[in-house]
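The two complexes that follow have subunit A in common; it is paired with subunit B in the first and with subunit C in the second.
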Partner chain A sequence: MSQNNSAMKVVGQSIPRIDAPIKATGKARYTGDMKLPGMLYGKMLFSSVPHASIVRIDVSKALALPGVKDVIVGKDTPGIKFGNWRLFPATQDELPLAIDKVRFIGDAVAAVAAISQDIADEAIGLIEVEYAPLPAVYTIEDSLAAGAPLIHDENKELTNNISLDRKIDVGDVDAAFATADYVREDTVFVHAVSHAYMEPCAVLVEPDTEGRLTIWTSTQTPYIVQCLLASTLAIPENHVRVVKPYIGGGFGGKMELRPWDFCASLLARRTGRPVRFVLTRVEEFEVGRRRHGMKIRSKVAFKKDGTLIAKDFEAYLDGGAYNSMGPTATFLCGNFGAMLYRYPNYRYRGHHVYTNKPPAGAMRGFGAPQALYLSETQMNIAAEELGIDPIELRLKNAMVTGDVIEGVTRISSAGFVESLHKVAEMTNWKEKRASLAPNKGIGIGCYSFISGGVFNWFNTQYNFASCEIRAYSDGTAHLLTMAADIGQGSDTVLRQIMAQDLGLDPEQIRLTAADVTMTPKADLGTWGSRVTLMNGNAVLDATQKMRAELAKMVSLRFNLNVIHEVAFADGRVFAKAQPAKGISFGEAVTMWVKANRGEELVVRGHYTPRDLGLTSPAYSFGAQVAEVEVDPETGVVTVEKVSTAHDCGTVINPLAVEGQLEGAIQMGLGYALCEQFVMRDGKTLNTTFLDYKVPAAEDMPAIASAAIETYEPQGPLGAKEAGEGLAIPTAPAVSDAVWHATGYRCKDLPITPEKILRATGKL
Partner chain B sequence: MDKVCITLNVNGDRYELAVDPWRTLVEVLRDDLNLTGTKIGCQTGDCGACTVLIDGKSVASCMMLAVAADNKNIATIEGLSTGQDELHPIQEAFVEQGAIQCGYCTPGMVLSTKYLLDQNPDPTETEIRQALSGNLCRCTGYHRIVKAVEAVAVKMRADGKGE
Partner chain C sequence: MSLPKFTYCEPKTLEEAALKLAEYDGRARIVAGGTDLLLGMRRGIAKPEVVISLARIAGANAIVASATELRIGAMATLAEVAQHPLVQQHFPALACAAAVTGTVQIRNMGTVVGNICNASPSADTATPLLIYDAKMIVVAPGGERTVALAEFFRGPGKTALTQGELVKEIVLKLPSGTTRSNYQKLSPRSKVDIAIVGVSALLAFSETGAIRRARIAIGSVAPVPKRALEAENMLEGCQLTPEVIAAVAAVAAKEAAPITDMRASEDYRRSMVAVLTRRALQQNQREQQ
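Up next is the complex of A and B:
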């Protein structure tokens, strides 16, 4: 028997994703790939006007078209509003199909089910809708102006178009400003961008004869879709089984109930046949959620040595026609305004504003890319004006482990200082910042992000994350989790965590994920970078219970003294100090089953953050440096290199973390330089990838990175998030580098050649 | 308009079909032949998710009518690997190098890689990036994909399969 009792190291290994081979061969089934016998094809009719009363809808011609099986409009529905903030019902402002009013170009008005996609498409064109136009507003300013039309006049609690305010107050901001040596105030406008996930949304619903539904849908949040479908259809939650197939990316854009989910379900119930909807890319750009555009003002106060003493932060979010995830973004924007540095006094006022545009929702960073674009840009301006190096100024004020934002949160691990030192070293920062060739620039941006939210605005009565582990005599185990892998890699990472703790080979673990009536309740889904921490903790809760059960067997079998620790490694269960006293994992399971008279060995694990402040159990940190060259004649920015040092706690899978970083840089570059919606009178004009430019392979810079490992006590095996935070620093870093190269400081993203040429007097 | 009878040779199999003349190749591959490995990302030829090889050349199958592929040889992702468990070296490299996240762009990316390496067995990094710039990916930032292509180019040259 091997004397080697060291644990097989699974965590920390760059294990390829378990779903990579099936995706590489084209066998992975996404929702739009699925078909069922008798299936009908669906199509949505979206509003063509930005704000109007619906006078009349005539579906008779559509219904008369041969092959059309059903057409539904608002009055065919229970008329129940929905939204993710169930704790505050007044915020639930959206109907799955409009009844008397439309509020943006893209509001869902009707839906068709037909025997072919061509017929469904044709039928949509035969639906006649008569609108009585209402005045519409498209900007924060117009929406808040006196006499602006009330977009949600049905909500008698609202006296203007602000749907919701959030505030944070720490210390005495006004008193602190009175003692400041240096005060800086800036206002920026940050723009809306698209998630542009590669898989357009799709849904397939199969009804049974008792009216229960099975739904395959491209969602990040199967449980949320289950709950909100049940409430809008007015049927029990348990009648709705949401199954997550493979998902082609989400980035926050697939975390709500969407009208096609509802319409496919209602049409399936009415026709008794499976119904499938697949959106087109044009529809995605027109009606898909987007990142909030925001107007943000920030005033900061420093002592002359560079010590921050106060910040006054105010954000207006351009929410579009409905709340969507805006309330959460409004809160988090304020939270992130207080992050990264110690602000002994902090005031935040956030306002979510309705406009007659497509609603903004969650998008990778969820309020942070906007808040930190301003905060980081302002830090760089302040550094210049105070005559302190930007990294030195940050080091002076950087959050460290143990820091507390009074009444808001506690930082239980922070590798920010180390990240700043590391990125300075990696880039030869001091020298390059001091002397660069003409038209070249180097700049910095930093970030912090939550590892899941502690808030329960969805108002679930269940645990935030849950799982079940079943163990078998053949030495294998089965993990059932509601965690939704949408491409980020949670199936792989959760299996690694479980394998490590039970001493199993990951390949011995079968995994079933995200099937809401089969996997243990509940899970709030994939958003807010919550999955590794929350589901990882749930897995560890279950593995601990499993270990306790199997330890009993080894103790009994070898008559172990109670002082012995039982270890799990290499597929064995054994006395840690006497490895020979042990049996295989499978034998231990067999013993347990026999000892329990044939019962299957099943344990459950749960995680819910409790009494951990208002925001998150844990925070990632990082610093990024961008190096650019700006063509003085054309204003075109070439990003040559992006270097990042970041702290995501224990790195469970380096390959997966690197992948998140590289993808985040791509998204950050798009945000900084080339992505934006072109809107006219509420209509989205750029609805193809030709006109909405996302970075391609040849647009990418060289990338260097270093992981600063900390141990996060709230995280599973010390881990925290690596998904969203990394999408934040690129825009401020590139912006700072462009300033360094040209003197142009961007205060209205994106940084276009035109803006640079105007600033440099070339236009 | 009447349907048109066409013959598609897909992954070595011959299919005789009657199709509406306006239907695109990707629709016929997915809906009629159930070859759903070829993805639809945009239907405007901008994203590359629907890339297939026609007589060895990479084509956005959303921009080609099915009738235009009559009697042509079409290779889709399903035809790249032989056997149940075996991956083509390009697929293997994508798996090992972490080039796959959500996977939606992967089939198109893999076929664009095949086309590149068929033309140019020893591409530079710039040539790889240019060759893949018609295939959008929103997850990876392309770096692992480029690394995968570099790795498989070396391997295929060593194995003498570079052609």
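Up next is the complex of A and C:
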């Protein structure tokens, strides 16, 4: 792809986020802030039992409550199942409202629309549901035991509670193990955690007189919501306009159609009035998606000198009651198990297991935090047992640019080796690992992550990312994109990429984003760290076309010799070698419009990864070192410093990357040390931030970071992801540091003080 | 859940507040900072028809000292108490506890009296106030009475206050002679969290270095914050040696009656009572030397 060859002026700058002032001052309007005339307030009734047949639902008392306008239950719906894997309809196992069976505490059973929230809340309490309880299972082991209840007995193809298996076979694993000098096998249990996004889910639906709907919803994937809402309501896609307002984070928890989206829509169609649902934090914790708990086993084979020769990897995912994003997590977990190091022989078996708990979905890292917690922990154990420094052992096996996982993917850029060297230097690793004060520890964890997925299980007929650019005589331009900024900063970064390539000031660019009937089709949404790469490439596809059109104008105007390059910088379009031969961007646009007899200058850009293997167009890499102090009497872990060296390709906005890193460390610390669901008989007990503890600002360690810049040929201006990958290494790094301080190696996250004290014989 | 409907009033005097409280007889609640009450109301645990704020009562937030006493008014915030020079000088365990309760925002709104009246077993300022032999001045439409803090807590969320009674202030006797005191909080999940164990210890030393008076209070490990009386008794008249400290810490742990909950197990809590008691006594000793 040709690029504007004027020097980088906008890309690489720490431009503050466009939305920062309005969010910091509380002026940003989220869905829950919106109100429309005549709006009704919605409330969901969720199942209070983990597994049961629905015998009877009586909504008459709720309907009779003054102020209640409508109540819906499963039989009022078309009864069409949904799920993000449209390519495999059998995986679409969820109904927007349960009809005959509930499978977890939180399955949606009914919904109310009333003239006030208080009335809606009260009405929910008046709905009578009679359940006939069924036996329920809450663990992978119980779900797979002989005689376990079949959670999806309606799917005749399933003979047990495994909804889906995934295999990867590279080389000959068994033969390689036979030649190994050293073999290590470990099993870990990694737990479920909450996305704990700041904004609970919310949706507002406005119907028009012909039954079309406009939907503002807290989503990462407006296009997916549009498609699945249309299919579950049995109406044309084009009747559904999804508009993404400001979003208070998603982290993977908002990338599906959710029951309240459906219920608000159906209630709006039935009542002819706008309907809004806003979930409470308690509801979020009780029924919300979560990261997969997994039981993972890994067996690795080394040569004496530390060269890896094979890996045998198996994961059981605790999926909860529905597939949700579990199939993708099952798939990706196996891919991540094969990353970071060269495994000439690799075997993966992944199994997605139903249990009677809230479904696990996508969550920052999407299978990688689990897979790499084990990979990295095992690497550290192996280093110890082989008598090789953990960084040396990694360097011996590290993936480099050009590496291929046969039949899976090719690594088109990798700054992993450089990251390892850098983080060792930043932390004085060798010396500290050898000699630390008592109760202090230093540990390492590494990661690699995808920059978007190349797979199309959603089965869209459209491009993966698209945009439109309009240019005007006043020197401004308008970018229309379906890319969804949910707080990660894509609105800012896409403007930067566009401004760079057209030689404009980012402030001259108007942005319309994520309005599915107004912005070009399509975009699969914000997940898998795909937006910078995919939408960035779509923007560059459009800017390239725009530049070609405007270059013609300068060529004509100055009668340029064809050998001249045309450059775009500082709001001007000019002959690169003779800058005086040039005009302003706006003048060039005017000329183009006149030359085209009044037509508006509009171009479109698209991106779809093609023939790039099974996983991703590009991979980030990084290494992180954690330094901790463990109180030997209380078991309390204080993380003192976290140092990261990472390769996200070209850094488009250093400030944005820094923000991602800090947020990632915060989430990683929660995963490692303090976040977990407390559950009894399928019920989530810790449903407030008092009881479900996320690390606070005061818990944050000192942070040091270094960017290893590579140039990713598949990425826009060389860029890769910096969103999810960074959330992966903290748990293994902290875990290794805790081992270094105490001798306790955690194989059962989170690392709590009690586990440390029990392991060290103090409790 | 949204906040249920209620009537809000702002009396100008304590007497007026007490009258209102009596008038609504069990259907009214006092609000100070609201950092406990509003949460309870949102969750449907507290359902007052009338909420009586003390915010407009002149002087209610005062922290005043006489020659012998320090008085902490009902509206004195955790932040004000933590930063008060006399509190820091004479009641360091209280200053420390108030400074580590909740977050900055909570400390700017929440009060020490509210922390006590909420009667949570884990209330951070409870164990410090116990070791200082705090007295609660309680007013009712009829007049005033004084309740020792040790008699004030009656169970989780339960106090000695009866219908129509509210707390006017907390009175602390200024110490005579040298005393050493401190607060130890353990909240392993986060620096911003409820204590899973809190221990306060006060020692007054005689000229020979023997312990003249000892107070140890333990929080989060019983239905109410309480004094570890046996442990205290062991200390009186003793010289503080490592053996004495270890023995006292073990007895304090025995006096605890913790439960297992989402934050910690019973075992861990009990064992931490010993650790924190030892640390509190050691700190007293270091400061004395």
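Criterion: the second predicted complex is superposed on the first by the 755 of 763 C-alpha atoms of A that agree within 3 Å, B and C clash if a C-alpha of one lies under 4 Å from a C-alpha of the other, contacts with A are read in each partner's own complex, and residues count from 1 in each chain.
One rule holds for everything that comes next: a residue touches a chain if its C-beta (ideal position, glycine included) is under 8 Å from a C-beta of that chain, and two chains touch if they have at least 3 such contacts.
The model shown is predicted, which means the values in this text are computed figures rather than measured ones.
**Student:** After lining up the shared chain so the two structures overlap, which partner does A:659 touch, if you call subunit B first and subunit C second: first, second, both or neither?
**Tutor:** In the superposition, A:659 touches subunit B alone.
**Student:** Between subunit B (first) and subunit C (second), which, if any, makes contact with A:754: first, second, both or neither?
**Tutor:** In the superposed model, A:754 contacts subunit C only, not subunit B.
**Student:** Tell me which partner A:121 touches in the superposition: subunit B (first), subunit C (second), both or neither.
**Tutor:** second
**Student:** Is A:690 touching anything from subunit B or subunit C once the two structures are fitted on A? First, second, both or neither.
**Tutor:** both
**Student:** After superposing on the shared chain, does subunit C or subunit B touch more subunit A residues?
**Tutor:** B
**Student:** With the two structures laid over each other on chain A, which partner does A:280 touch: subunit B (first), subunit C (second), both, or neither?
**Tutor:** both
**Student:** Contact-wise, after the overlay, does A:636 reach subunit B, subunit C, both or neither (first, second, both, neither)?
**Tutor:** So A:636 only meets subunit C here.
**Student:** Which of the two partners, first being subunit B and second being subunit C, lies in contact with A:678: first, second, both, or neither?
**Tutor:** A:678: touches subunit C, not subunit B.
**Student:** Contact-wise, after the overlay, does A:251 reach subunit B, subunit C, both or neither (first, second, both, neither)?
**Tutor:** First partner only.
**Student:** Just to be sure I read the superposition right, which of the two partners does A:733 touch: subunit B = first, subunit C = second, or both, or neither?
**Tutor:** A:733 contacts neither subunit B nor subunit C.
**Student:** Using the superposition on chain A as set up above, list the residues of subunit A that contact both subunit B and subunit C.
**Tutor:** Comparing the two interfaces on subunit A, one with subunit B and one with subunit C, the shared residues are 118, 280, 690, 694, 696, 698-699.
**Student:** Using the touch definition from the top, list the residues of subunit A that touch subunit C in their complex.
**Tutor:** 117-118, 121, 280, 282, 633-636, 673-674, 678, 685-686, 690-691, 693-696, 698-699, 752-754, 757, 762-763
**Student:** Which subunit A residues qualify as touching subunit B in the complex?
**Tutor:** On the subunit A side, the touching residues are 14, 16-17, 19-21, 23-30, 32-33, 35, 118, 195-200, 246-249, 251, 278, 280-281, 486-489, 655-656, 658-659, 661-667, 688-690, 694, 696-700, 703.
**Student:** How about subunit C: which of its residues touch subunit A in the complex?
**Tutor:** Touching subunit A: residues 1-2, 4-5, 103, 186, 188-194, 262-265, 267-268, 271-272, 275 of subunit C.
**Student:** Considering the complex alone, what residue numbers of subunit B touch subunit A?
**Tutor:** Subunit B residues touching subunit A: 20, 30, 34-44, 46-47, 49, 76-78, 80-81, 87, 91-92, 94-96, 98, 100-107, 110, 126, 128-130, 132-146.
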